[in-house]
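Take a look at the structure below.
First chain written, first letter: the chains are A, B and C, and each begins at residue 1.
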Amino acid sequence: MSYDQLPLKIALLAGLDAGLFERDVLLSWHVSEPGIRAVLLASELLEDFTRAGLSPRLFDSGLGLSIFRDKSTRTRYAFRAGCNLLGLMTEEVDESTSQIAHGETVRETATMISFLTEVVGIRDDMFLGEGHRFQQEMAVSIEDSHRAGVLMHRTAVLNLQSDLDHPTQSLADLRHLTAHFGGLERLRGKKIAMTWAYSPSYGKPLSVPQGIIALMTRVGMDVVLAHPPGYELVGETLDAARGFAVQSGGRFSVVNSMADAFDGADIVYPKSWAPMSVMHRRTELLRAGDTPGLAALEREALDNNARFKDWECTEPLMKTTKAGRALYMHCLPADVSGVSCAAGEVSASVFNRYRHDTYREASYKPFVIAAMILATRFRDPAAVLDRCLQVSPSRRHE
Amino acid sequence: MSYDQLPLKIALLAGLDAGLFERDVLLSWHVSEPGIRAVLLASELLEDFTRAGLSPRLFDSGLGLSIFRDKSTRTRYAFRAGCNLLGLMTEEVDESTSQIAHGETVRETATMISFLTEVVGIRDDMFLGEGHRFQQEMAVSIEDSHRAGVLMHRTAVLNLQSDLDHPTQSLADLRHLTAHFGGLERLRGKKIAMTWAYSPSYGKPLSVPQGIIALMTRVGMDVVLAHPPGYELVGETLDAARGFAVQSGGRFSVVNSMADAFDGADIVYPKSWAPMSVMHRRTELLRAGDTPGLAALEREALDNNARFKDWECTEPLMKTTKAGRALYMHCLPADVSGVSCAAGEVSASVFNRYRHDTYREASYKPFVIAAMILATRFRDPAAVLDRCLQVSPSRRHE
Amino acid sequence: MSYDQLPLKIALLAGLDAGLFERDVLLSWHVSEPGIRAVLLASELLEDFTRAGLSPRLFDSGLGLSIFRDKSTRTRYAFRAGCNLLGLMTEEVDESTSQIAHGETVRETATMISFLTEVVGIRDDMFLGEGHRFQQEMAVSIEDSHRAGVLMHRTAVLNLQSDLDHPTQSLADLRHLTAHFGGLERLRGKKIAMTWAYSPSYGKPLSVPQGIIALMTRVGMDVVLAHPPGYELVGETLDAARGFAVQSGGRFSVVNSMADAFDGADIVYPKSWAPMSVMHRRTELLRAGDTPGLAALEREALDNNARFKDWECTEPLMKTTKAGRALYMHCLPADVSGVSCAAGEVSASVFNRYRHDTYREASYKPFVIAAMILATRFRDPAAVLDRCLQVSPSRRHE
């Protein structure tokens, strides 16, 4: 048990100038290096507290609100669980039963739901060019109302997946890697293959691969992005990856072959996403309410996808990875061939072998979210956790 | 900071015989004068506690349930935030997924959802003659089950907007006025123009203007109600306003001109509402399931509204108010001309100037709701807050 | 007040080897005799704590999740209230807005929603042969992930109504009987008539009567099941009832006459349910999406029901019970003749006389659910409650 290491880890956390207090977490590439490290370390500490039966309840009351503009099970749960761990009651702002969709400005709504709210988590990943913009507008509005003295405190906005990034996923993935390989330093030089994979569905967001390439390049990894022609990612995220690779002494390359990406990889992350052009056209068709156009686009996109059915994570491919034993990752749910679909992202044999690993990967998300709340809402997260450790409140009263 | 004044305010609260313990808050005009003052003062205290970082958590567990029969963002949030501030977990009784709509009697449901519930907040403002009746029936049923010993305690019913009144709004508005002008006494003699305004939508409830005239007349204000012919309010609320004006030494008058109402006003509250007759006919058409009839009524109502497009709160009109600087109020969302609609209740210029004021106005609602819970569920609210102050629990554990 | 008896009851609880720790509650007949007694006694203790103003809050944080695959008001509320009493925040996993329905395996979902979750309550009673299977699959998946070290603890699954059993209802009913008659021992030999009754609706689950016959036979009661031909219950539950009657020295018999069942009964429980064959055919038609077939089945089923309109709990029938004063029970909502329907399960006169009794019967459910959480999540429930009693935390801070 890591219980004995808690004071040491808290001391390490105290040494990091995260720069997240009274800020938002929208794009990981806008968070400083110590900020990334602080979230990772705080997440680990919150896991340790929980495993030791200690309660890191930091709020006596307060709200964590979520706005989901797309379906979600995992992230929805993770947000609730993370908030609850710290003592926040969660509520969902449901746009179908609320009045957000009825002529209200975002600015107004942002203030109206923030009076006693510590954090607002937003998932808005359906439309390229929209999700991040909306999250940003919410954050700016809250900032404005806080400065005007209308809001007693600066509610934080957390990106629970936008069109550009999915930082709670990528940070949970990074936490998974540090747990698996034994620390951030051990990741230096390791090859991770972030590759497109075939799926019989269309319209999947680009935010996961974008989040992965922009984050893993920061810790000195050898990040290889692989996809068929036409499945390029948003330029801003490629630029971020390139820049970080240079800064960290890692590498970033883009290839058009799954085999090349897998070759000698320590980690593989095969996952489907939609072509950017399809996402853009879909946004326009949705705005125009063009139902036949949408159906035609879906057929066209699926037909195009089908040209790349061989982009599947199979046992033979896995054999080509480092010692044939690369760590398989997925944000779930995966399209498993012969299980959830006839042909998909990964063969049943590979997936089953790594099933518990993918579950473990997901298990970090509630803690990463709680760590982000801790970092954005408390000036001195280390002091707060240290106080918790001294008081030693139990999560369960036994 | 008002921290030093807390003991003084608590002593003042102790001196008020609110008469709300184990009662409901359905209509403000059924609440005694000390009851109104107690809710206002308790609300102010809860704000002070929060600003001082103290936690007025009074419940270790317990539920606050809400039933929303109309869309809502603000009041829904305010109810949740107010409950959470005191330690209650909120849940929504969703009539579409629950069995309320399936042959159950209101009496039965009222009991079934009250066993461990401290407060039930209800919004039911769609049908004139219905909302208040439903809230009353819920309250009577709870009272009956409490007397029969089925319920361990007397769950309170709070009106979160009915066809007759919107007391959480009007009390928050009054709290806004006392904060803005420096106390209840300063409001005596001040002129408030509660006036109809044009909106390109129809079917807006009458409860806000009704709540305003019935409450502001009680504190000695000069309340002028203005609306075009045909937009009269429910008689019971006009009677209440007239009676209170006499008792308090204030004034109540009804005019048919926005200009007359604005002339020299200290406060203006321009807001659209539907004609009573339209609301009554709509109720009948809805009951009969007469879709073409509803469409015809909507057209007719909008056409009629359009005759009064000049009922807009403009800069020239604002210039006619007291020193040209009346306080503009709105319960939000406002129909802002050129922003949320082509022509509406208020010009963009006026609204933008007062935007933060309207946000501040809304900020009092969670505290007013918490104050109502405090007053209805605790025999001695002052003693409870005093104990909190002595123990000094923090809202955040820093 | 039972406050003085708390230590005694806690000592009694300590003597029961419930065998429920880190287990689920899916079928009452899989719970041991001491397990049943422990849940009953813990429920009574939690009521006593609440009545005495003490807070049995055992969790500082933690989640109670519910999955409702059928409409519900009472059980939904009871689950939330029971969780809240112990300090758990509740959330609902909504399959329409989440991704459960989108190709995910149950196994995966079970894990994804359990990371910081103490209990998952599931209602799945629509399809014979499905509900229990789903609950079991969830439990097995959680167990698997716990053993693999993915889940830090063993989340409990509670059956909030399946196709086979409704243990939170039957235990609440048993608690009602012990409260009414003065203890478990007083129930020995008492005659309870669990009888079918006419209802103008169709498709009601069989789980309530099945739960009642399988539980009441265990405490030595004389259980008489009555229904028209064709309304037989699932064999497994009849077998359980027969076996328990032998073990407990009680009796179990099946008759085809309401009058026979009522004759001399101490307790009557007249309630409608659907014929098993109809439920099976409905499942097939629903799977096939056969809308005309479903409509035809409904007509046929209602026509068949209508042959037994005389199966109504009337005053003359009530006169034939023990001293004409049998206790009337119902899980609510009841189909009351002349009130919620023209002709139904019970006459208005009988129902009104026992209305408060049925409300009281329902009042035990939140406590029974909390007792099940206590028994499944804490190794030593008695020690936990004893600690609460020593610390004496108040539910309300007055």
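Everything below uses one rule, namely that a residue touches a chain if its C-beta (ideal position, glycine included) is under 8 Å from a C-beta of that chain, and two chains touch if they have at least 3 such contacts.
Keep in mind that what you see is a predicted model, and the values were worked out from it rather than measured.
**Student:** Would you kindly state whether over half or under half of the residue numbers at the chain A/chain C interface are used by both copies, giving same or different?
**Tutor:** different
**Student:** Quick one: how far do you have to rotate chain A to sit on chain B, C-alpha fit, nearest 5 degrees?
**Tutor:** Result for this pair is 120 degrees.
**Student:** Counting only Cα atoms for the centres, state how far chain A is from chain C in Å.
**Tutor:** Measuring from centre to centre gives 40 Å for this pair.
**Student:** Out of chain C, which residues touch more than one other chain, so two or more?
**Tutor:** 57, 89
**Student:** Would you pull the chain B residues touching chain A in the complex into a rising list?
**Tutor:** Against chain A, chain B makes touches at 50-51, 55, 57, 68, 71-74, 76-78, 80-81, 84-87, 89-90, 332-333, 335, 339-341, 356, 359-360, 362-363, 366, 393-398.
**Student:** Would you tell me which residues of chain A are touching chain B in their complex?
**Tutor:** Touching chain B from chain A are residues 57-63, 65, 89, 91, 93, 97-100, 102-105, 108-109, 111-113, 115-117, 145, 148-152, 377-380, 383-384, 387-388.
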